[in-house]
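Structure first, then comments.
Each chain carries a letter (A, B, C, D and E) given by its place in the written order, and its residues are counted from 1.
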Amino acid sequence: MTTSQAPLIPAPGDTRRRPLVVMRGVSKMFSSGTLALSDMSLTVEPGEFVSLLGPSGCGKSTALRIIAGLGDTTTGTIDWPSSRINSKGLPEGDISFVFQEPTLMPWQTVFGNVYLPLKLRGVSKSAARGEIMQTLTTVGLQDFAGAYPRELSGGMKMRVSIARALVTKPKLLLMDEPFAALDEITRQKLNDDVLRLWHETGITVIFVTHSVFESAYLSNRIVVMKARPGRVHADFPLVTSLSRDAHYRTSEDYRQACEKVSNMLLEAIGGEEH
Amino acid sequence: MTTSQAPLIPAPGDTRRRPLVVMRGVSKMFSSGTLALSDMSLTVEPGEFVSLLGPSGCGKSTALRIIAGLGDTTTGTIDWPSSRINSKGLPEGDISFVFQEPTLMPWQTVFGNVYLPLKLRGVSKSAARGEIMQTLTTVGLQDFAGAYPRELSGGMKMRVSIARALVTKPKLLLMDEPFAALDEITRQKLNDDVLRLWHETGITVIFVTHSVFESAYLSNRIVVMKARPGRVHADFPLVTSLSRDAHYRTSEDYRQACEKVSNMLLEAIGGEEH
Amino acid sequence: LDEVSYGTNWLAQAEHGGFYQAVADGTYEKHGLKVTIVQGGPNAANRALLIAGKVDFYMGGPLGDMDAVKQGIPLISVASIFQKDPQVLLAHPDAGVEKFEDLAKMDTIFMGKEGYVTYFEWMKKNFQGFRDDQYKPYTFNPAPFIADKKSAQQGYLTSEPYEIEKQAGWAPKVFLIADAGYGSYSTMITTTQQMIDKKPDVVQRFVDASIEGWYNYLYGDNKAANDLIKKDNPEMTDGQIAYSIAKMKEYGIVESGDALEKGIGCITDERYKKFFDSMVAIGVEPADLDFKKAYSTKFVCKGVGMALKK
Amino acid sequence: MATTSLEGNPPLAPPKPGFFGRNRDTLLRTLIPVGVVIALILLWQAIITLNSIPQYILPGPLAVANSLYNDWGTLWPALWVTTQITMQALALALIGGVGIAIFLVQSKWIETAFYPITVILQVTPIVAIAPLILIYAPTTQVALLICAFLVAFFPILSNMVQGLKSVDHNLLNLFDLYGASRWQTLLYLKLPSSLPYFMTGLRIGGGLALIAAVVAEFAAGSAGAGSGLAFRLLESQYRLNIPRLFAALILLSMLGVVIFMITSFIAWLGLHRWHESSLKREN
Amino acid sequence: MATTSLEGNPPLAPPKPGFFGRNRDTLLRTLIPVGVVIALILLWQAIITLNSIPQYILPGPLAVANSLYNDWGTLWPALWVTTQITMQALALALIGGVGIAIFLVQSKWIETAFYPITVILQVTPIVAIAPLILIYAPTTQVALLICAFLVAFFPILSNMVQGLKSVDHNLLNLFDLYGASRWQTLLYLKLPSSLPYFMTGLRIGGGLALIAAVVAEFAAGSAGAGSGLAFRLLESQYRLNIPRLFAALILLSMLGVVIFMITSFIAWLGLHRWHESSLKREN
């Protein structure tokens, strides 16, 4: 699969538009006493594809959850300047979240789990069926629509979770290591699917990954975090004029991007006991 | 970290010793009707480091569980020619298993979870403490001994599970995508730790992974599985005279191994809708 | 001393006074008995204990005894301390109930299950207008009766009228069922055939001593007995005891009919048969029941203790 | 480790546990309890014979069976009345228990304030407040149901509260994220996820509803034609008709077991596709 | 979204919820129920005044308080007796319920065969078999405890069975793999993992043990000096001493609430570190 036409990737920091999310000096301390984030600031513009990297336990998931409005901050604020805020303090509008764990409802079939966000919007089952089956086909689970989560392999569960996030065609897509449990070929395909979605609909993606290659392949901005306490170590754009396809993977641009990300990551972890 | 001396890697199929595990024509059909494995045969010799690769949902986890004696087969047999079998039909002796999911006891701290296999053997807590703390240090969790699983990040939970498997110094180590949730640097370190353990103690490792690079780096034998139904597609040794360290990663041997594995994997998935 | 136990049908009260009297003043001991009184209560199972041999005597009644005969259980009553059953029905004073028959006009009659299966059957057969749907269970709390003018409730002559008057401030109309023609014996001394066969003298001595106790209780100094009652049942008040004794005397509960000539406790064949026939007539007992197995006149009607009456 | 089946089924065939296999299972599932019951009856007879216990203390199985047969005309309507009250009590307890539980988990303060009150309702002895209920309930039937409800609702409530509070926090996050309303979260997440607890509550509640029906009848019931097993029990006891007492007891027990089997079946229906407690371990 | 605390605490300091904050919490936790109780008492008084209900039907709070004070000499020993029986019944029910539950989950066949029998034990009306128990129990005390046990054990048993069956299959696999003995699996896996169910059972069992003590006393208790609240209740009812009846009821309720608070606290102790039901949602 290749992305046929590559629209211009919007450069990060496009000042004509209001930022989508602004994290200002956010700290998060859990009641257990762990300081997961300390004074972290991050501004995400609409249309960006941000990859979040960092050592295990550095606070990526916590940051992502806080961006989505789940959980209070200990200090600091989150703003969604271009969204309305609903009664629960969460931004209204089309956010989807792929959690690090599949987070499926065990009492629902695969179909039922993917149907959930549409059901919550009042879409009838019959109206949703086509969409759902198509999304399931995207993740290669069209034959398992009637299976229950516990009849699935680890990777399949994760794919259900991805399908659930994609089925609503969200404007902001938050993904927490969505492809870690998938084989390289499936992963590659889903990478391309997400990229195409991003290109075609101009959505914003914030993407946590451990794979340097994946981050370099997908994103136009990389944020590397440092651990204990979690904070931003490096934040830089990845600009390329190439369309991101099989060719890009063998390009010099890509190699350089990988190296840069890799070095930053090493820096972020460097000196720490791991 | 490097492996200082590289002992000769025992060649697979060393006929002087009896095989450790023999799977003969194993099929596994779940009551849901899914045929997870079909007529799969596999012989693992003592001292091998076998990597199991294959598309998501092809039956790797199922095969691994069956090898460990968990769950009946529908047809076919499992033998552990060199182990005694206990009353539950499980092979006696030191098997450790890192499940695909962390599988931690939520009511126990990290320490308690890692202590479990030792506790089951009757080792007292004080006698086990040193060992446990050392293993926790290996996985970088020495500071979280008192934390409960739900206070950990995804990668940290997985590391607890790895520590639990390593703490008993097992003779057979079964690992189901143990490092998928870890950042590349931690992953690399743990790769080296497992390799060193394998070198130093001559244990047998069966290792499920999605990472071609990881499998090529670690194992001396690769088994690639095909899906629907799960079966062995390719089974070949990876012999190299180099010691597996940072240098190996840039060697031609490694590049070739990666390419071979990658091709086999593509072949196994090829033609399938994924 | 022979140790025997007597299970009563309720908490210690003046209606058991004679037995406590005999314990308190040593009458039993004089007859060579050491008697333990086992109090009954709302749900006590003293009759079951008698059947199982865990008590030696029980405060039974003729219907229970006849039930036992029917079931082939060898229970026998050897004395009947009360000649009249003190069961009453109560009505509000201003509810227009003048005669016993008027109770049939009430919407509700609160009564225990025992009453329902015994005298209520009798009432239904002998009076017009009593119906099953009048029945509601009586949990020994008169409040529902007090709250509902169109209701009646069962009671013990010596207890409920007193309490209701005290609490509600008005005296309920009292109808003694016995005076309406219900000829049941009451507060009997019931024992097992085995006891009669093996230790007839113990039975005789217990009956005699109890009768003496009753004379002493009614006509002598009963302070010690009352103290014992109050010890077993701390709720009991002197006012209640005095009221009970007065009512027992007023209505001839203990002494009327045969008892006047032949002494307290007397059972006669004619009286028993009359009651049995009335039960047969309303279908409560089968006509072919050998009711004579239910009692024995051997131990009573001998004028024992009549001399104690002053 | 099974080997290929003798009929030479292709290993790819979907798993039909085999007509015989399935039948054997159902057979065993019914045969075993029946066997146990027969064993108990024999034991019962043996105890009576060995200790020569007279019938009026503990009647033998034969006498009870006899009474069951002879008094069927009295017992059957009573059983029917009790069954009806039980079902109504159970329905009330379910509605009330689940409803109050949902109310209680709305906030920690509501729980702190009102959970103790439900405890008070539970521990108040029916027999003590039956008169009050009798006074203020419009009909005996209503009084009966109030009593029965008070006896049976708490276990359902309590299990439901625990179930509603045990919802996976990650799933709660998910629902929040998708902007689910309170009502949607309740309907699609909290209620299904507390099913295992609810089912336990249902199982306890089923038995308790039967007890409730009996207790309520003791305390507030009516007699005569419309009376249930409770009344027949007391009557038999009073009449010293012990075989009939035991016949009534056995009917009660059987009703209890039937209710238990029905609630167990409902639990199985609701859980067998997804919850550990009703799933066979396959690996 | 809080902002940095005014005292300028370094953001790295461990989270001290603040003395005031914590005190406020405990304060609210006690104030709210107390407030509710006061509101209820006022409501009670209002109902009585508005409907001019006579004291012998429903006494006012003042009359009850009076009786509580005046009759303390009778009520206190009765309360103590009831408390003792309750505790013994609860202990028995816990041991019996958990023990039988462990026995039942040993195999599907055992469960099929014997679970219904426990149902029979549960639904058998105490009042009907009390005479039998009285006959065969060596002392009244023992009879009382048997009755109480029969009333209270089932919810604990039932919750425990569900809990023991709800163990994560993956963890079971893990224990099998490490060659854990049955006993070890029970002790280290099944029992801890069924704690949330057990705690619900305990909470129900606590209240039910109190009911059991009352019922047992009704059915098998002795009268007079050594009697508990149940007896005082009946007695007051019989004497139409309704204020005292309500005083006894209130003591019972208070005992029930205290037991509930204790069992809730135990549940919190066992679960607050790890189980969803007792954890604050933090993200």
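The definition used in the following text is that a residue touches a chain if its C-beta (ideal position, glycine included) is under 8 Å from a C-beta of that chain, and two chains touch if they have at least 3 such contacts.
Since the model is a prediction, treat every value here as computed from it, not as a measurement.
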- Show which chains lie in contact with subunit A and also with subunit C. D, E
- Query: Ranked by contacting C-beta pairs, which pair of chains comes out on top?
  - Reply: D-E
- Message: If more than half of the interface residue numbers appear on both sides, call it same; otherwise different. Which is it for subunit D and subunit E?
- Response: same
- Message: Please compute the angle of the rotation superposing subunit A on subunit B (C-alpha atoms), rounded to a multiple of 5 degrees.
- Response: 180
- Message: Centroid of subunit B to centroid of subunit E, CA atoms only: how many Å?
- Response: 48
- Go ahead and note the Å separation of the Cα centroids belonging to subunit C and subunit D. 41
- Message: Nearest whole angstrom, what separates the Cα centre of subunit A from the Cα centre of subunit B?
- Response: 29
- Note on the structure: The distance between the C-alpha centres of subunit D and subunit E, rounded to whole Å, is 20
- Item | Per-residue multi-chain contacts in subunit B, two or more chains | 30, 62, 65, 70, 101, 148
- Residues of subunit D that touch two or more other chains sit at 57, 127, 131-132, 135, 168, 173, 218, 234, 275, 279, 281, 283
- Quick one: which residues in subunit C touch 2 or more of the other chains? 48, 52, 139, 141, 143, 147
- Note on the structure: Which chains touch? The pairs are A-B, A-D, A-E, B-D, B-E, C-D, C-E, D-E
- Touch list for subunit D against partner subunit E, complex: 28-29, 32-33, 35-36, 40, 57-58, 109, 112-117, 119-120, 122-125, 127-129, 131-132, 135, 154-155, 158-159, 162, 165-169, 172-173, 196-197, 199-200, 203-204, 207-208, 210-211, 214-215, 218, 230, 233-234, 237, 245, 248-249, 252-253, 255-257, 260-261, 275-279, 281, 283
- subunit A residues touching subunit D in their complex are 65, 68-70, 86, 88, 90, 92, 95, 97, 99, 101, 103, 105-108, 116-117, 119-120, 148-150
- For subunit B, which residues are in contact with subunit D within the complex? 27, 29-31, 33, 35, 38-39, 62, 65-66, 70-78, 89, 229
- Note on the structure: As the complex stands, subunit A meets subunit B at residues 30, 32, 34, 53-57, 59-62, 100-101, 140, 147-148, 151-156, 159, 176-177, 180-187, 189, 210-212, 262, 265-266, 269, 273-274
- Message: For a test of understanding, state which residues of subunit C touch subunit E in their complex under the given definition.
- Response: 11-12, 39-45, 48-49, 52, 54, 139-143, 146-147, 159, 163-164, 166-168, 231-235
